[in-house]
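Let me begin by presenting the structure, written as structure tokens, before commenting on it.
Just so it is clear, A, B and C label the chains in written order, and each chain counts residues from 1 on its own.
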Amino acid sequence: MNAELVRVTLFSVTMASLATLVMLPPGVALGWLLARRRFPGRTVVETVVSLPLVLPPVATGLILLRLLGRRGPIGRILDQAGVDVIFTWKAVVVAMAVMGLPLLVRAARAGFEQVDHRFEQIAATLGASPIRVFFSITLPLANRGVMAGSMLGFSRALGEFGATIMIAGALPGTRTLSTAIYSYSQTGRDTAATLLLAVAATIAFVSVFVSNRLGSGHLEQPPSPSDD
Amino acid sequence: MTDTSVILDFAVRRGSFRLDIHEQLQSSAVAIVGPSGAGKTTVLDAIAGLRRPARGKIVVHGRTLFDSDSGIDIPPAGRRVGYVPQDVVLFPHMNVDRNILYGTGRGEPPLFERVLELLEIGSLAGRPIDGLSGGERQRVALARALMSGPDLLLLDEPLAAVDVALRGRILPFIERVRGELGTPVIYVSHAADEIRRIADHVVVLESGRVLRVESVSAPTPA
Amino acid sequence: MSARQFLLSTALLAIAACGEGRHSDPQEVLLVSAAVSLSDVLSVVAAEYERATGVSVVLNLAGSDTLATQLAAGAPADVFVSADRRQMDRVENDGIIAASSRVDLLANQLVVIVPSTRAQPVTGVDDMRSSRIRRIAMGDPDSVPAGVYAKQYLEAAGLWEDVRSKVLPTRDVRAALAVVAAGNAEVGIVYRTDVVRASGVSLAFEIPIDLGPQIRYPAAATVGAGESAATEFLAFLTGDVSRAAFEDAGFIPLSRSLSFRPGPKP
């Protein structure tokens, strides 16, 4: 039992970490885009990104299954390339990343909105290209929001169940803390389920706690040029 | 003979405020004066490329930075200006050195040590920027602008936030920069007497319009 | 984290994700999607099968509706064991399972349970009408198979209209057990197999099989590469070793004329 507990915990944390890494580039890019640019179809993008937050996770899982299953538009191509996603650890990462992304985008967007344009303008006058301005000025100054968003995305990934079980199944190789708790409680193994529950709750608590400290209060707000 | 022509011929609208300037000068040190709200910062923003005029032309020392008729609009990074804004805008997540060196890698910057010496900020090396005095911040910002190897310096009220006692000490720095490095300058202030020491032409602005342009014959004896 | 670091790590991730192609011989591994209520007994049976044939059985355990949804979208399971005929019908209609391989593997029996301490005396189904019985816990009769069957039985017994207001529908059978164990319901209707491991509840009486609804667990092989291996496994499921395991767990194996002979170990 203990070996299984350790294995499931390690697997879940690894997958959630991977999922967080995976969601970072698109999450930061979308957060920046929504904070800084007006473009046609902006509302559509906002809505699609929010969908996993609004829909029941099982519904999101269903959409992913239809897309990635062997008969689906993306799944078909992957199948031909010999890449398996459904029922493998990759599906776990996908489910976790999709469910965590909206939280990251929200927090990153808030972070970017707080960065004073003036810093970016002056950096540009000093000869920095837009890419350099983003990586040397905008992103570091929005860092708190991005970090907080990552922690939130990570916690969400760790607690993910509905979408995960749909596309990753509940196989020994893809069992996460959440699906294991479900399996154990469904088969009357209440002690095991409670133990896993305690582990999951502890990890979630720690990550949300860290995320809150990063995002506000304890550390100062990002400065503006008018501060002296 | 270097081309010292400065063409500022454009209109900028900002909300209900409108700036109109149509001047052509031969100068390597232009001062822009006027009361608050006259549009002085807007002129600098337009020259730096941070604000786009509806139409017009901006040429500095033979380089066309903006020309709506020809479709020229060089982005700020390509304009090779060193901007020291009124709100200083030092990068809060970098220390003094990294701020000063941010713009290097373009043009021919003066030697780092020379700039530090000129502005007497050698002692600030490696320090974080919070905790710097107002005057120190101004000089760091000036050093940063200089180290980016600009073809033109834009200084927006560099002495406005500085107390009277300190003003007398910073102005010589700017004179020194003008004299030793020879970089052309466009200097904004609402204290007319200060800039007579630096500029050879003064553009007087009020409510978005140029009232007059004066020539400065000789520096006032100290 | 600098820009270079996270671009690098994502690039590595992408490569890792694509690099792992299929390398295992499908005949050596059998993927079985089975209703989660069969978890324990199928683990035992799968282990026996592995010992006998060397084929490794991987169990995917979830609710029958989830499993059917996965199959409909092309999930790569070789065998499907459902707790519900409807779900099996669904995938059969979609052409996902080999209809000729479909068997009714098991049956189950409804039982009435009471809390193990301070329970109301309940000896027959008519007792449910009594005012001493205020709440009857069972799986949601609209969606949970056990609840559907329980309702069927109560209707057949002519009790449904009288007791329906007392019904406490739960998300699944485990919840119904928990509600009764906690004393929040005086009785519950669950499967016999659920009581085997449960604590805090006692069996009040069994609903006779001939009077109760036909609770069936169909099993079938999916169409595709693993079909023959799947069919062999299904044969094993109806053999003596498996039947003994199912009986131990409280299920009623339905005998078939298939006999299983383990093939030579590879």
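The definition used in the following text is that a contact is a pair of C-beta atoms (placed from the backbone, for glycine too) under 8 Å apart; a residue touches a chain by one contact, two chains touch by 3 or more.
Only a predicted model underlies this, so the values are computations on that prediction, with no experimental measurement involved.
S.K.: Going by C-alpha centroids, which chain is farthest from subunit B? Tell me that one.
M.R.: Greatest centre separation from subunit B goes to chain C.
S.K.: Going by C-alpha centres, which chain would you call the most central?
M.R.: A
S.K.: Return the distance between the CA-based centres of subunit A and subunit C, expressed in whole Å.
M.R.: The separation of the two C-alpha centroids amounts to 33 Å.
S.K.: Distance-wise, how many Å sit between the C-alpha centres of subunit A and subunit B, to the nearest whole number?
M.R.: Those two chain centres are 45 Å apart.
S.K.: Roughly how far is subunit B from subunit C, going centre to centre by Cα mean, in whole Å?
M.R.: 77
S.K.: Scan subunit B for residues touching two or more other chains and write them down.
M.R.: none
S.K.: If you look only at subunit B, which of its residues touch subunit A in the complex?
M.R.: Those in contact with subunit A are residues 48-50, 75-83, 85, 87-89, 91-93, 102-103, 105-106, 134, 137, 144-145, 148, 161.
S.K.: Considering only the defined contacts, which subunit C positions touch subunit A in the complex?
M.R.: Checking each residue of subunit C against subunit A gives 2-3, 6-7, 9-10, 13, 17-18, 20-22, 31, 33, 36-37, 39-40, 58-62, 66, 69-70, 73-77, 172, 174, 177, 194, 197-199.
S.K.: For subunit A, which residues count as touching subunit B in their complex?
M.R.: 118-119, 121-130, 136-137, 140-141, 222-223, 225-228
S.K.: Along subunit A, where are the residues that touch subunit C in the complex?
M.R.: Result: residues 18, 21-22, 24-25, 58, 62, 65-66, 69-72, 75, 81-84, 86-87, 90, 135, 139, 165-167, 169-173, 182-183, 185-188, 190 of subunit A touch subunit C.
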